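By letter and in written order, the chains are A, B, C and D; residue numbering begins at 1 in each of them.
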Amino acid sequence: MLEPISVSMESLNLGTLAPMLVAIVGALGILVIDLIKKDLDKTLYVMLSVLILFVDLGVVLGQTVGQRGFFDVMLIDGLAILSQIIILAASMLFIPLALTSKRFHEYSYPEFFALFLFMVAGFQFMVASDNLILIFVGLETASLALYTLIALHNREKSFEAAVKYFVMGALAAGFYAMGAMIFYALTGSVELYKIAEVLAADNFANMTILLVGVVFMIASLGFKLSMVPFHTWTPDVYEGASAALAGYMSVVPKIAGFVVAMRVFEFLIHSDVVWVRDILYAAVVITMTLANIIALVQKDVKRMLAFSSISHAGFVMAAIMIGTTQANSALFLYWILFLFTNLGAFAMLWVSRHKASIWHERFDHPYEKFSGMIKIMPVGAVVMALFMLSLAGVPPFSLFWGKLYIMSAAVNSDYIVLALIMAINSAISAYYYLKLIVYMFLKDPAENDGTVYMKNASKPLQTIIGFSVVLTVFAVLAVNPMMEFITSYVQASGF
Amino acid sequence: MDHILSVLVFFPAIAGLLGFVVSKESIRAYGISVAAIEFLLSLWLWFSFDGNYPGMQFVEMLPLIPAFGISYYLGVDGISLFIVVLSTFITLIGLIALSIEKDIKNMIISLLFLEMTMVGVFVSLDAILFYVFWELSLVPMLYIIGAWGGELRIYAAIKFFLYTFAGSLIMLVGMLVMAYLYHQATGVWSFAITEWHRLILPMNYQIWLFIAFFIGLAIKVPMFPFHTWLPYAHGQAPTIGSVILAAVLLKMGTYGLVRLPLPMFPDASVYMIYPVAVLSLIMIIYTAMVAYAQKDMKQVVAYSSISHMGVIVLGTFAMNPEGIAGSVFFMLSHGVVSGALFMLVGVIYDRRHTKLMSEFGGLAKVMPHYATIMGIMVMASVGLPLTMSFVGEFLSLAGFYQISHTMTILAGTSIILGAVYMLSLYKKSFFGEVVHEKNKNLKDLDGKESMALWTLVLITVWLGVYPKPVLEPINTSVESLVSFMHKKAITKEAREVIKPTVIKREAE
Amino acid sequence: MITLSHYLILSAILFCIGLIGVYRRKNLLLLLFSTEILLNAVNIGFAAVSKFYGDLTGQMFAFFIIAIAASEVAVGLGLMIVWYKRRGTLDLDSMQSMHG
Amino acid sequence: METYLYIALFAPLVGSLFAALFANRPKNIVTGIATSTLLFVAWISSVVLLMHVMHGEEVHVKLMDWIHAGGLYIPFGFVVDQVTATMMFVVTTVSTVVHIYSMGYMDHDRSFNRFFAWLSAFVFSMMVLVMSDNFAGLFIGWEGVGLCSWALIGFWYERESASWAANEAFIMNRIADLGMLIGIFLVYWNFGSLQYDEVFAQVADKDHTLLIMVTAFLFIGAMGKSAQFPLHTWLADAMEGPTPVSALIHAATMVTAGVYLVIRANPLYSAVPEVSYFVACLGAFVALFAASMALVNRDLKRIIAYSTLSQLGYMFVAAGLGAYWIALFHLMTHAFFKALLFLGAGNVMHAMDDELDIFKMGGLAKKMKWTMILMTLASLALAGIYPFAGFFSKDKILEAAFATDHYVLWTILWITAGLTAFYSFRLVMLVFFGEERYKIFGFHPHEAYKFMLWAMAPLAVLAVIAGFFEHSFMHMVSYVLPIEEYHVASGTFWTLVVVTLGIAASGIAVAVFKYSKGGFSKKWEETFIYKLLFNQYYIPKIYDEYICKPYAELSRIFWKDMDLKVVDATVDFIATTIYKSGMASRVVQSGNLSNMLRWMGVGLLILLLAAIFYSPVR
């Protein structure tokens, strides 16, 4: 007979829950509004969700580093805050992409925005806890919401994408649960820090079982981070989803995933379990390279970007594998820069989204679509080219600095070979980014009147694009302050 | 005015941006005037430059990423000064002689951006800044080759871009390692090249880093066997593209050799002399022979410029003031001469839209004026005394003679082989009877062409007869460089090989 | 006497069954079931382990998993219905429009 | 005196530039006159300088710095000592004459102005060559004359043969120049300077092998310019150029640059007897070799060219035997009579509308008396008949050879003297006497312009009297050149003279006798010897077959099979491989959901296996 447990309010420290609550309450609010008055315009909801996210961000910034709460399942450390900031910022930048000039099915539902906010909350949970249960819950909340959002795009492909994503996600969830179970079985706890303690205490006896657990973790997180061979969903889902959402998916879920991966793997790496390091090393190299070489042969820009984002993810995973403070900070820097560049790139695709498939029966954004763009729409072409160059890591555009930092992190911990592999991979990747530039600048226009490039451009979208252009070009000025900011947080959370 | 370098770097870029506003008709004039101003600025730089001070001048330092030791760090010494002047000058000349009508606006704007990157590479003293400009220079060139080129232009453009890009990424890794080692040694991050020079590394590190840097630079030079992108690039690029590519962009590689690996890794450089020298010899002889086999005028010039770059590299690795000063001077002369040659080929291409020598013959009769200038430039490229390139070639070879007797003889064959292919080119296309109907009434050089070309001729002769104003500042800096390397070297061999002004010592 | 290991083995076996299901089945619905089997296999494990350690965390986790599984089913079924409406089949091979 | 020096140096340059302004314009007699006048000015000032240095003075000026890098310091410095003065005198004299002569000769040429531009340019470079006070300056002139000779040989560039010959000449000289360049490098790195005086000052304390290398490499350069075997083929082909050019460049001045170099570097050469001896032997060989080819040739100008070659051989023998002043003396006399000979040939060509085959001429004496006389004078001088200039200088050389106990050399030169006499009079006979074959070919010969003949007069005079200045000349140059008196018993001396004159005379006699009635029988032309000589020992053919053709072929292979098929192909191969592997690895993206799930499973399995089997100790 269990005796009743009394919980004191302050021990809950609900402040730690506040950000997620904001998001959730906001989402509910939107639904309520919809109940009260039907068919309000999407602009309202967009702005509302932006505001909610803004408040959320405020709360996050208000939090103080290094506190636990709510039965100690919440953990607010540097990583949590940092990643939440990134997540929220990204969301605030992506949600206005809904303000297209053309109407799209999904945005006519307020549920879309509610789900969006739920998803954000889910990600926040993922990053703001080191409790496997809560991570799991957050992960699933986010994923389930995401499946639905994809499906809401309401085209043949998007359903297919949703289903594929969903089924594989379910499998991944199974892996995750299994992994968690093994950890639990091994250590009798689901709190990562406790697990670490216990393992350290009995000095990593029965390594094999632990490794089996790690394997399942790698498998499930690898799915989230789209690491080879768990990446297969990525290109299809990106192709199926709307460009805006694809862009979002290429950034936000990954950062959440990275944070979790850090929490799960780094303590192993630091208590040098060589196995994990080696496996990650292999995984990183394979992911980078394979994704790159497949991206070479893509015909569709969006699909190419999907593969490229896989290889970027691999690039960044290296930072986790290296595991020094510099590497971890580099990871965040890289991802922030990547956020803006990718945002821009996908936004460009998004504005040029058109219903009828002129150039290719299957693809929306085949390379041919952009051929001779410089003649029809110089500014657009130049902007797109900037993003491509940045993604290719051509200095001084944003991503170069990310690459620089990660490679230098690799070098500084004597992974010179890895650095070389990274270099070579960037060289390979340059080809497919260049391909688009070649089409835009060096080929003659294939039959079109320039209108298509601006099909559903609108002031907000242009503003966003302009914003990311500025950040892409002048990144160098932002790098130093950003880096200091990030490092301070990362160090605060002892990574 | 102590920000002249920044002005030099960014003026063309800003002008380029504003260029978007200028109307299509008047863009050419705009471009020329901008280039002219830039050139005048560079001349000002030259005149306010103190030729007797060996170190860096007009230094500008502005930390960009202090946490990581990356800074906006500019400066020129005798070595870089004239290459800067060369790049502004060639851009101006190229713009004057520009004969393209299609998308002229884009062309001019990208040229201006290219100018920024060129100047930037030569004045930046921070490795990362150097790298930034280095890579950035690929982009406008890609566009120029790819948009205005011949049949294979896209293939050529991509090949050019990727090849160089891949190489320089390896160099980037080298830079990062270097920075790391510097950090290990001093505890602070720094990418300042001048700082790196002070770092003395153990031999094995030196060798690996040397290789890393060398690959990046060698592809740009281009050293055999990394040279194959060049014939395509030249073969496809429009005249202006080839002119700038040959005259300035290739110099980035050789300039990089002088600026980075030599002072940073003197021992490794000495250790590597023979491998490098062998490569250069292959470049010199092999490419000269290939040039002889060409049917296309432009390809002959392209291969010839590879062959001459070989002499430059050889001079650089002579490790004595004569050789290095010579090679730096040869960079300039090669810039002027090969630039002029490409322009000349362009002239005839504009008239006949072919570059095949078999299509011509007897041009000397039809276009005497053109033939005269071509003759002078051919002779210059063959390295006749009292032309610029003789001074460079003579010094480079003389310098390297100290390293190896036999190799210098082999390298010296360049003066023979050069004569062989250049003269056969001249004979095939300018001598003999006029056979083709089309050639019967070709019009001779027009105003802007002859203006541009005569300027080049004058410079070639002037600096061939009186190289002092240029050679002296170069020499000052080079001498200090060499004695620095000598002091810095750790291995005995290196200290023996690196000879700061041997002769003076004997004379005294 | 049934020990922890028996439970774990059972859960492992179930997990394998689930995996095999995921492998072999070409029908979305059955695929969904297999994933459910996976999760429940894990649940058994959790329950057993938490009994073994005598703390409730494991069972809590199990409950959460059940809940999540339920919601997954909800979403999954929804997607399937839509798909079925459009295509009239739940065969996996019917969805290959995106590849390469 | 500096002023005179500068005038002598730059007058030709000014003339050349002036003429160059009109290069592409139609004929303008002013250019001819201007250049000739300027050259005359130059001649005057060099005479003044000659007078000045006659008694051991020396003019030494430094115009400006040229190259200064590291320890290498090269100024534009000029020195006029006795040797230089002599050379200047020769050069200016001959070139003035040739300029004036050319005004008539090039009368109808459409590139009249261009011709004078190049001709004066040549004189300038020649001046630089002889006046420079350091090896680098010498090299400038060296290359300069090469350039001008290229331009002038290929002056009628429409002719394939002309432009070909021009390139051949240039490239062959380049081969030699490489040797010279190396020599210069050697000098620089071992003597630390390129100034003659500084270098020669150190000769004593340099080790022997080094000196051997230096001299050898420098001599390679000399061989090229002076067309010594095996680099001799270009000289004969160079006759494609206008005849005045042959007179000035390929007889009087440029080809003697090699000899000048050896004379100038005499401190070096006299320090290494081996090399000097080699020089002498090569000279002797070439003398005979060239003479033998001249025997049978049918081409007016080529015959004279070969005789030039063999005379150069003589000079090298002298230089090689250490009798530098004799070499210089012969150089001077030879310049006069050979130029005269060529200009005469020019007249003949004019008369015969550029016909060169001497077997198509004959009996021209009636039509062009003066030319006949002048050429006979020149031939006598060439043959070395007393009292003509050739006698003194050539005799001296033979004497030197004999006195230094080089009997073999002496014999060779002795025979050569005979041959020389023979072929020069064969030429005279065939051209001016005997039956008038030209009528068959329908030529209408006529005497050249008066002023052309007058222009030739000074040369003729010098060709006759120059020999008598032997002693004053010797005395003059003795300031710079070593003079050793050869002590041969006067008896022997006179025998030598007689013997030499004898063979020369008999050579003439044979020629006159034979060709006055129909020359040799046809069947002589069938013999192997004749063919061998007539085809110049098949050397040009050999060069073409075994050097030019293989080189071209090799280049083609390097380009097509090496550069494209190997080097470039490798690069592309790497690229395509990566691309192909991309194509291959697409199968992962089959798009079939169950495959995708399987991939996940596979990944998991691999990892599990890794977990179980690969577990490194931590």
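Criterion: contacts are C-beta pairs under 8 Å (C-beta built on N, C-alpha and C of every residue); 3 or more make two chains touch, one makes a residue touch a chain.
Source: prediction; values computed, not measured.
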Worksheet item: Which chain has its Cα centroid closest to the overall Cα centroid?
Response: B
Discussion item. Using mean CA coordinates as chain centres, what's the gap between subunit A and subunit D in Å?
Written reply: 79
Worksheet, complete the sentence: subunit A to subunit B, mean C-alpha position gap in Å, rounds to 44
Worksheet entry | Inter-centroid spacing, subunit D versus subunit C (mean Cα positions, whole Å) | 97
Discussion item. Please tell me the distance, in whole Å, between the geometric centres of subunit B and subunit C computed from their C-alpha atoms.
Written reply: 66
Discussion item. If I count partner chains per residue in subunit D, which residues reach a count of at least 2?
Written reply: 586, 589, 591, 593, 597
Worksheet item: Can you list the subunit A residues in contact with two or more other chains?
Response: 163-164, 167, 171, 235-236, 297
Worksheet entry | Where subunit B touches two or more other chains, by residue | 162
Practice prompt. Check the chains against each other and report every pair that touches.
Written response: A-B, A-C, A-D, B-D, C-D
Discussion item. If we count contacts the way the header does, which residues on subunit B are in touch with subunit D in the complex?
Written reply: 159, 162-163, 224-225, 227-229, 231, 286, 289-290, 292-294, 320-322, 325-326, 329, 362, 364-365, 368-369, 372, 379, 384-386, 390-391, 394-395, 397-399, 401-402, 405, 408-409, 412-413, 415-416, 419-420, 423-424, 427, 430-433, 465-468, 471-472, 474-475, 478-479, 501-504, 506-507
Worksheet entry | Contact set on subunit A toward subunit D in their complex | 163-164, 167-168, 171-172, 175, 204, 207-208, 211-212, 214-216, 218-219, 222-223, 228-230, 232-233, 235-236, 271-275, 278-279, 290, 293-297, 428
Practice prompt. Please name which positions on subunit D make contact with subunit C in the complex.
Written response: 586, 589-594, 597-598, 601
Discussion item. If we count contacts the way the header does, which residues on subunit A are in touch with subunit C in the complex?
Written reply: 132-133, 136-137, 140, 144, 147-148, 151, 156-157, 159-164, 166-167, 170-171, 173-174, 177-178, 180-181, 184-185, 188-190, 235-236, 239-240, 297-298, 362
Practice prompt. Write out the stretch or stretches of subunit A touching subunit B in their complex.
Written response: 374, 389, 394-396, 400-401, 404-405, 407-408, 411-412, 416, 419-420, 423-424, 426-427, 430-431, 434, 437-438, 441-443, 476-477, 479-480, 483-484, 487
